[in-house]
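Next up: some structures, all given as structure tokens.
After this come two complexes, each holding chain A, first together with chain B and then together with chain C.
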Partner chain A sequence: MASETNTGEIKRGPIERWVAKAIKNPDRAYRSMFYTVTIFFLFTTLFPFYWLLVLALTPENRLYQANLLPAGFTPETFIRVFEVIPFHRYMFNSIFLALMTTAIVLLLASLAGYVFGRLDFPGKSIMMLLILAISYFPPAAFFLPLWRLFNGQIVPGIELYNTPGAMILPFSALFMPLSIFVLTTFYGQIPDGLEDAARVEGTTRLGALFRVIMPLSAPGVATAGVLTFIAVYNEFFFSFLMNNGQPGNWAPIVGGLLQLQRAGQFEATFSVMAAGSIIAVLPVAILVVIAQEKIVSGMTAGALKE
Partner chain B sequence: MATEQERAERERVGGTGPIASVTRWMENLSDTQFAYLLLTPALLLLGVIALYPLISTFRMSLFADNLAGGLGEFVGLTNYVDVLTGQRDVMLPSPFLPEALTVEALFGSALTVTLIFTLTSVFFETIIGFGQALVLNQDFRGRRWVRVAIIIPWAVPIVIQGMIFYLMFQPGIGLFVGDQNPSLLQQWGLIGSTPLATTIDATMIAIVADIWKTTAFMALLILAGLQSVDRTLYDVARVAGASKWQTFKRITLPLVLPTVLVAMLFRTIQAMRVYGIIETVAGCTTVPSLSCLVITSFNQTLNGTSATVAFITAGVIAIVVTVYIVGYAREEIE
Partner chain C sequence: MARVKLDGVTKRYGDVMAVNDMNLDIEHGEFITLVGPSGCGKSTTMETVSGLTRPTEGKVYIGDREVTNLPPKDRGIAMVFQNIALFPHLDVYDNISFGLRLRDYEKEEIDRRVEKAASIVQLEGMLDRMPDEMSGGQRQRVAIARALVREPDVFLMDEPLANLDAKLRVTMRTELQRLHKELDTTILYVTHNQEEAMTMSDRIAVIDSGELQQIAPPLTCYNEPANLFVAGFIGSPAMNFIEGEVVQNGLETENFMIEFDPGKIDGVGVGDHLTMGIRPEDVHPVEKAGNLAHGSDTIEAWADVLEPMGDEIFVYLLLGEDVDTSMEAEGATSNELLMSVDPDSPIKEDDEIEVVIDRTQVHLFDTESGEAVTHGVASLATESTTPGSEAETDD
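Our next item is the complex of A and B:
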């Protein structure tokens, strides 16, 4: 095509030839630009994971040689993670905390979503605004009183510090607003007729919510659930500050990885840190691959609605 | 509303046990009463875990520090005055206001380093996020997998995000920091030999880490905006002979701008709270963000000051939110 028309013209280098082609055929230029940009984005988002893998596979004493390829091959580092610290316990804690929070949030946000999506009552918009306003505040603004409350300094006898409750309660309060907005949208879309039909059949109002509206909005409930699970699993602030980092005290992976990092100042544990990071990222990575449509719809619905 | 007949029917079926009577009581509530009954658990949780701490933090901010623990005497707004005028800086683990107008001082102060972090990361996230959204808005084979790749950093736990960048810039591992042979970044003078322990370098690393993780959020929101643009407008533009760049500038950009602003607002609020990535990559003494200052002063039993800084952080966020909302409203009017 373009090369044929070029014959007989002045001699050109490969880049000039490419430019000449691009000018004659702009669509081609757009397409190659598109692929370049896409590959660039793929590289920047995925390279850090590859780098973790390189570090995890390189033996600890040869890390300074690790470059774009691992200097050696020691897959047993992935097993050492569990020997150096009880990493399985940290993983269990993280998943347990995330599942418990998700269950609480889904229950409470379902009730609230039903109210906001399907009922009209005085004070509705003020209530929604209040819930929204709370989620604007930084976690640091809640921290001091909660820390004192959970250490029994306000109500003697209530000592939740170092227990799951000290994290599940703040997580639930923090991440519930998003689920409320997602579920309000979904529950509001169920036609009134379906609920009325169930009511005529003799179902109670709550029964209609749990037996008709929730199952019909299953995608919405799943969306809210996946988003809450990921948010809790990713959380740092309360996960770090509401326990002393010991696995027996319900510290999640934050505690485990920081313990490895701190140990790293005395003995080389960088490979173990990299291997632990890869293991801990797997649950959410799998979740993203399985539920990416839900995540996309939930993130956009939640944010744009608010 | 339940008719008399239905109610009789239900009473006959439900019997007279405690569950049945609670059910009957619930069924007879008005819509408003029922709404508030269902909201009670959520409001109770938010009340105890969010509203009460907020009010309590505000109350604590009105009391002096007591180094022995607890709170000192009531001092009204003195804490706010002292922190905001920089008089408290000598007592704080890191200054609230910059001590001088040098670059080092700007990065060393809680207020300015948080603003630098927020502005820089949100700026780059918006631009890169827009690029990613434009890519995802095309139809091509493997689009689903490209989208997964772009979302995955967003789903990575903050502590692992921190580990990744901690390991990348760890001297002695040698991707970006070399002991014997300095890396390109070092040769260009962008980072020193111990970037994680240097305030400016560590702030930059935290910014890059933040951009890496949260651009996906921006991209997905902007993508939603792109997909809601009326396709026929593009057809009209093509018939009128507009180039791709003209179409983008005249049609895409104005229509997507409101969504971009909303996404930027959300990211700004989150970036102003930055804590976890700093704690894992460099530590709060190296990069003293506002949230860091709350925790470090709390650790030194400066409870009153800590609460004051927490509320000032919320105040700064509120100011930024107001700026956005005014800008958004102006955009809507035009």
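Our next item is the complex of A and C:
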């Protein structure tokens, strides 16, 4: 037996040796599986961005020669994005819409979160279920009625199409439920005594919400705010359909990228589009990097509660 | 002038009656303590005064105003909470000045008042600390300062010392009394700790099952409890209760007899069931009973358990001749008696001793209703004992 094992070990190749070690020490196997999966996900998520970068850096006329490396180096494409169309205006529109929606959602979801989290009343769980149900509605179901409403076909005189309202209203409605749930959990955890103290000290219930409960739930409010901002910034459906794509009509980045497609006179200008896409991703990427820790802690804090 | 008046205040939570027809009339500058066991409705009563809870029925007055439907902020009250309830995201200065800033006071006025309050509770130099950097006692003082700066008509204190350790509690108790003297405001204080209630208050309101049992100065509650509940709740260790039946010349219990003339008490006749209450310090070993003007007959007893407390010894006595200790249930049965004696007493466990009850301190209660019948039976004596003693006879 002993001699067999000895001779067998000599015969083994590197893979067999690795397998033998992994059997003895399963942690090695788990670790390598972790790296395999992580690398796979990183590749599938990051490669498109890399590909965008390759396209953006390759001069327009040599696009078909671009492989895994850019065929040439033209960083000025990133500046052309702002020259061929007012891309900054599209970005401003996107950020403006996202900020406005976030503000509205945080305000209203705070009120709802206060009520659901801190008060008892009949029908509470049914109402929360209804709110949850709304968040699962397909946005397309709202589109036709809303489009007619915003074009003054239902109530004459109300024409929101091509205004921020036409997007902020449906955004707020669609992204509100998530924030309500996050804030309900957080506001429900603030001790009653603190609210009582604030009320005795001279606030109303609302005052206690904004002066004490909300500041103490800062991680939750930040989570809800960042998630809403990102969701609105990334939204396509209403962003695309509730305006005619002109920067002056509050078209967000979606409109900008589609304009870039037509930036060249006769051909699709892939380089500029790729550059525009990368620029468009930047604000959210930065936001996520900054707020990542808060979002994770906010989500898990909420998760642990219920 | 900040009188506080509760007029028939009732609070129901669904079917649960938290407070039932509470009538309180508190004078300006009084220190009133609401005391009672957990869940008796004392905190709910206070919440109706603070406005955090709206009474189901009845009216609340502060000063000359009816405030039943006013929110807490418009009632001119300040409150110290059991869980202290400092705002964790604000430093001490911001915590104390929270109410003033809400009311748009001038910056200088706020500074002046915060400094004054901080010096009263001895928190100078800590104004920029955060609550989580302070000890329990310091936080409690911040909470008190937060109430002080508002210069309210009425202070509400809901078990403010409950979460402090024993030593700090005693210190803070003295500080609160000193504050009350300095401020001359009405203080409504809630506690389940009868020691706090006894030492601090002008009057005690004893509450049980949502109903006011007695409101009187501490010593009156102690010496002339209105009913069995007050008698058992006020005083530590609790009063002894022994049931008995009225006979021709007094009250006959299972093991002894307390002599008095039942005819001298209104509404009591032979055959009635009364409960006798006697405090441990009014039971004496027979050797010490020589200086008692109105001692009872000697009672045979057996020292079951001794609890030396340092300044006194509690002796758990079993009465009667054929006591079976193993069968004895806990609580106030008719053949158990608690006696407190001097620490130099020679009594040992399992001693057979004779004790005497001070008849001036005997309380009689109606067994059925629990209402007090009389306090002190010495002056109700039959012809053999001296009439005209100092014992109180009011009911």
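Going forward, the second predicted complex is superposed on the first by the 252 of 306 C-alpha atoms of A that agree within 3 Å, B and C clash if a C-alpha of one lies under 4 Å from a C-alpha of the other, contacts with A are read in each partner's own complex, and residues count from 1 in each chain.
Note that in this section a contact is a pair of C-beta atoms (placed from the backbone, for glycine too) under 8 Å apart; a residue touches a chain by one contact, two chains touch by 3 or more.
Predicted, not measured: the structure shown is a model, and the values here were computed from it.
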{"item": "Chain B versus chain C as contact partner of A:261, first or second or both or neither", "value": "first"}
{"item": "First (chain B), second (chain C), both or neither touched by A:296", "value": "first"}
{"item": "Which superposed partner A:22 touches (first chain B, second chain C, both, neither)", "value": "neither"}
{"item": "Partner chain in contact with A:100 - chain B first, chain C second, else both or neither", "value": "neither"}
{"item": "Contacts of A:212 with chain B and chain C, given as first, second, both or neither", "value": "second"}
{"item": "Chain A residues touched by each partner, larger count belonging to chain B or chain C", "value": "B"}
{"item": "Touching partner for A:197 - first (chain B), second (chain C), both, neither", "value": "second"}
{"item": "Common ground on chain A, meaning residues reached by chain C in one complex and by chain B in the other", "value": "199-200, 202, 204"}
{"item": "Contacting residues of chain B [partner chain A, same complex]", "value": "2, 6, 9-10, 13, 23, 26-27, 31-32, 34-36, 38-39, 41-43, 45-46, 48-54, 56-57, 60, 131-132, 135, 138, 140, 144, 146-153, 155-160, 163-168, 170, 172-175, 179, 212, 216-217, 220-221, 223-224, 244, 259, 262-263, 266, 269, 272-273, 275-277, 279-280, 290-291, 294-295, 298, 303, 306-307, 309-311, 313-314, 317-318, 321"}
{"item": "Residues of chain C touching chain A in the complex", "value": "50-52, 71-73, 77-79, 81-89, 98-99, 102-103, 146, 150, 156"}
{"item": "List of chain A residues in touch with chain C within their complex", "value": "191, 193-194, 196-204, 207, 212, 215-216"}
{"item": "Sites on chain A touched by chain B in the complex", "value": "30, 34, 37-38, 41-42, 44-46, 48-49, 51-52, 55, 63-67, 107-109, 111-112, 114-115, 119-122, 124, 127, 131, 134, 136-147, 149, 169-170, 172-174, 176, 180, 199-200, 202, 204-206, 230, 233-237, 239-241, 253-254, 257-258, 261, 270, 273-274, 276-277, 280-281, 284-285, 287-289, 292, 295-296, 299-300, 303-304"}
